[in-house]
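Presented sequentially are two complexes of subunit A, the first with subunit B as partner and the second with subunit C.
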Partner chain A sequence: MKRVYAKEEVCIGCRLCEVYCRTEHSKSKNIIKAHKKEFPRPMARVLVEELRPVSFALQCRHCDEPACVEACITGALTKDESGRVVHDEAKCVGCWTCVLVCPHGAPQRDLERRKIAKCDLCPDRETPACVEMCPNEALVYEER
Partner chain B sequence: MKTYQLPEVIIERDKDKCINCGVCVRQCAFEAHKFDEEGEVYSEDEKCVACQRCVSLCPTNALYIRDNKPFVKDNANWTAETQKYIWKQAETGGVLLTGMGNPKPYPIYWDHILLNASQVTNPSIDPLREPMELRTYLGSKPDNVQIKMVNGEPVIETKIAPNLVMKTPILFSAMSFGAISHNATVALAMASKELGTYWNTGEGGLSKSLYQYGPNTIVQVASGRFGVHSEYLDAAAAIEIKIGQGAKPGIGGHLPGEKVGRRVSETRMIPVGSDALSPAPHHDIYSIEDLSQLIYSLKEATEYTKPISVKISAVHNVAAIASGIARAGADIIAIDGFRGGTGAAPTMIRDNVGIPIELAIAAVDTRLREEGIRNKASVIAAGGFRNSADVIKAIALGADAVYIGTAALVAMGCHVCQKCYTGKCNWGIATQDPHLEKRLNPEIAAQRLYNLVRGWSHEVSEMLGGMGINAIESLRGNRLHLRGIALSKEEMDVLGIQVAGSPMA
Partner chain C sequence: MSYVIIGNSVAAVGAIEAIRKVDKEIRITVISDEPYSVYSRPLISEYLAGQVKEDMMGYRDPSFYEKNGVTAMLGKRVTAIDPAKKSVKLDNGEEIAYAKLLIATGGTPFVPPMKGLELGRVMTFIKMDDAKHIEEMLPELKHVVVIGAGLIGLKAAESLHHRGVKVTVVELANRVMAAVLDTDAGAIVQGALEKAGVNIITEDTVEEILGDNMGLVNGVKLKSGEALDCDAVIVAIGVIPNAGFAKESGVEVNRGIIVDDHMRTNLPDIYAAGDVTEGPDYLNGGKRVMPIWPNAYIQGKIAGFNMAGVDREFEGGLAVNSIELFGVPVVTAGLSNTESDDLEVLSSVEGDTYRKIVLRGSMVVGAVMVGNIDRAGLITGLIRDRIDVSNMRDRLLANDFGYIDFPVELRKERLGVS
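What follows is the complex of A and B.
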């Protein structure tokens, strides 16, 4: 399946991927409203890890054998037929078990909603927002 | 006394648009944007260099950098700039430093030269339908060619000197690794290969990882002799002896020790952290005869397989010097005009020494023709070429090809903020900071360089076709296709062109 891969050597640590991820996962999908008006605030599902000069954007790896799916106590996390690890917000109770078991630190705690937020590979777009908007082409969306 | 100096620019932040994402904070190496204790973004105008990095990356267009010219009482002599320089020096006692090329409003002769086009009596050519030859050969050409017939086939008997072959008469000029980042050199090398042209290492040496681009590389031998060894010479397509640079004729170079990291130290062959000082003269060249010795040493070292270029700044006696260089055995003469860029130069030298490249090309071409040695060496013009029209005018004036430096940097992202010498280039070009260097993705930069030269080459073809010429060779030194506008008689005499409105005779 296609996944998002980071090119660490050209990641500039600007965190625009986070900005565009939040916008994509907001109600209005308007960058200014999403950041200034919406409550609960939209969460970024991608996180830039940085220890200068090293930096890269990390999001759910959509593992072949996802530990989070196995550990999820309510069945909110499942692996669908396309290979994506999908999150059903209605079932999530915010127990943070997935946060505990994920080896990549991908699921983010949304403290305002008491649910997790994780990468859904932008189902409404052909290419995830983080990949499309990265100013230095440090993210690629491809089959490997 | 510490004087308060008005910041050069004002950073305007539209608070209605700013989403406090901090991209500006993370992108500014000059620390002009900051988070306060509450996590709110604010800006400090006096630190801003107007490189436009934050403006370009701000996702909501919340930033605008505007000029902040201080009010000084109306005075043509004691302008705000002259006063600012004096304040600075009164405080520091130092030499004013700057980067990039001469920004002063000297006449730009390109904008006073007009090109010809065909109408009725000779047809123009559509380059999209008919062949158009931009291929250019750089190097010494024979005085005449002897041909003999072997089994009914013609064979050239004359020994032809090595020449560089390029698909377009545009090359990337010398910018050293040290002055520019490794990624910038990689981008130049990749683009040159794709375009079928050449880039120039400057005096920074050549990283082993770039030897693969050797066939598209001109290596420099400069007064500091940094990074010069036999493999370096062997790897290249041509060798350039650097005597002078348009931005700072008559003076040497100084790469500060802070920029000499592990990789720069390896390619320059000097210890990490040591200043790289290039002397003003080559200490073994005090005459044309001495220059000839170095030219032939390099030819011997490379077994006469590569053309040798000599690069000089355009100065008052440029024509006579070029003649000497051709007679000394150089295959290519590169002339850098006073608008040529640099990573660092004393402001007074950059702004006041040398002559415009337009006049230098014409003077050199005329002199070499008069002496009957124009074929001995090709002429590359450099120094502030802004677009394809400048390129084609230079060729019509008598240049064989054109070096572009600043235009290439701008294509890669440079916004000409003139702070190259600080090593904090926010665009990842003029820096050795590993965090900043990553900002220049060599693949993107190479593509942008390729696009630029491709676009210019198309435009050159169009203009050539318009003149009814189907090969760049036929325009070279063809000054009949140029006309001057708003120039004095003396200026047109040096340029060897007539006033607009004079007939084609």
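What follows is the complex of A and C.
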């Protein structure tokens, strides 16, 4: 399956991936409204790690046998037929078991909604927003 | 030809999903003494707290059985296995033949002998019906005594507290969650419970449950001599493998059903998975009972693959616990509270935030985080993959520990970055 991969050599740590991820996962899908008018504020499902001079973006790896799916106590996390690890927010109770077992530290706690937030590979788009909007092409969406 | 699974919780689901990855045809029959389609047992505390309704308790969609070609025989109890005839016997006399059998009957509450157990409103708290039973009597509950400050006892206490019931937890050890937390972490969690108004009594235990002339609980007498008035008692000391009928049928049982690294029991074509087992332990070798949800799924999955003819080895159970009590998140992994000469402990306490890493040589073998648990899985991954952390030791206690702290080659390998 296609996944998002980071090229840390060209990432400049601008965090626009986080900005566009929040926007894509907002109600309005408008960059200003998403950041200034929506409460609770949408969470970015991509995380930039940075220790100058190195930086890179990290999101759910959509593992072949995901530890999070196996550990999820409610069944909110599943792996769908396309291979995506999908999160059903309605079923999530914020038990944080996935936070504890994901070896990549990918699921983020959304403390306002008391649920986790994770990458869904932007189901409404051909290419995930983080990849498309990265100004330095430091993210690629491809099959490896 | 049919695969028969006794039990209908997470280990059964793990097995069904694995079997169906490799075999779409074989008949699968699930037998459970509970009348419900598969639900999330850990959610009974959220149900009792009034935060999750019954229709949201499903661990899989109601269509799960049909989609996976599973015949679910619910509300039926297996009373015996006949390994020679390869069949199981139900409480209604019916016999079901199996080609391969999976025992996934889970655990049952451990209730030590004490006076007054026969009284009305002495309860346990592990199943849907337990939660419903307690919910029904909520209007009559003013004060409940919970025996045991483990995960189940504390979640029960929190749920009742949310419903306006006064709760006292009585614990034999000198702190809460003593099985997985050390004194520092235990003190933070206990502080959060007490601040919320839950009464905690440690280093004491209930000696006798007292009743009124109607046969209902009206108090407890503690070992220390103290007496408490209460309307109900929840016994939450622990769970033990539900393996009695299996043992009588010739399956080897120590504390739990003994399984090998393929989830096989001592009898041909009989497998076991989940809380009922005593299986391989990842960190210390040997076998142990590890009644933990994720472990049950993984054991079920391994059993399912092997039943279906795909050779898959179980790496061993790794204890992971995540619990949040009154807004304080607590996670533990591996040897979180083991004292031994070969273990080295790194820890830091800052107010109500606690972080502890346990090392054995150059590998992480245990962790505890309280308060800030973000990205805890990175540490669990280090444990699970036996990664040499010599190069990142100094960063393990940092709350912002990340892949950035990994040696570059290892990071690229783990992220699949070329």
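Going forward, the second predicted complex is superposed on the first by the 144 of 144 C-alpha atoms of A that agree within 3 Å, B and C clash if a C-alpha of one lies under 4 Å from a C-alpha of the other, contacts with A are read in each partner's own complex, and residues count from 1 in each chain.
We take it that a contact is a pair of C-beta atoms (placed from the backbone, for glycine too) under 8 Å apart; a residue touches a chain by one contact, two chains touch by 3 or more.
On a predicted model such as this, the values are computed, not experimentally measured, just so you know.
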Determine, for the superposed arrangement built on subunit A, whether subunit B and subunit C clash or fit. fit
If we overlay the two complexes on their shared chain A, which of subunit B and subunit C does A:Lys36 touch? Say first, second, both or neither. first
For A:Pro53 in the superposed arrangement: first (subunit B), second (subunit C), both or neither? first
If you tally the residues of subunit A touched by each partner, is the higher count for subunit B or for subunit C? C
Go through the superposed model and pick first if A:Arg15 touches only subunit B, second if only subunit C, both, or neither. first
For A:Val101, is the partner it touches subunit B (first), subunit C (second), both, or none of the two (neither)? second
So, does A:Glu137 touch the first partner subunit B, the second partner subunit C, both, or neither? first
Expressed to the nearest 10°, the angle that the Cα centres of subunit B and subunit C make at the Cα centre of subunit A is 150
Classify the contacts of A:Val86 with the two partner chains as first (subunit B alone), second (subunit C alone), both, or neither. neither
Look at the superposition and give the distance in whole angstrom between the closest pair of CA atoms, one from subunit B and one from subunit C. 14
Interface residues of subunit A shared by subunit B and subunit C, listed 55
What residues on subunit C touch subunit A, complex-wise? 14, 40, 42-43, 46, 51-52, 56, 58-60, 293-294, 297-298, 301, 320-324, 329, 331, 333, 373-378, 380-381, 384-385, 402-405, 408, 414-418
Within the complex, which stretch of subunit A touches subunit C? 3, 5-8, 49-51, 54-56, 58, 61, 67, 70-71, 73-75, 90-91, 93-109, 144
Of all residues in subunit A, which touch subunit B in the complex? 9-16, 18-20, 31-32, 35-36, 52-53, 55, 133, 135-138
Applying the document's contact rule, which stretches of subunit B touch subunit A when the two form their complex? 16-17, 19-23, 26-27, 57, 59-60, 428, 433-435, 438-439, 441, 443-444
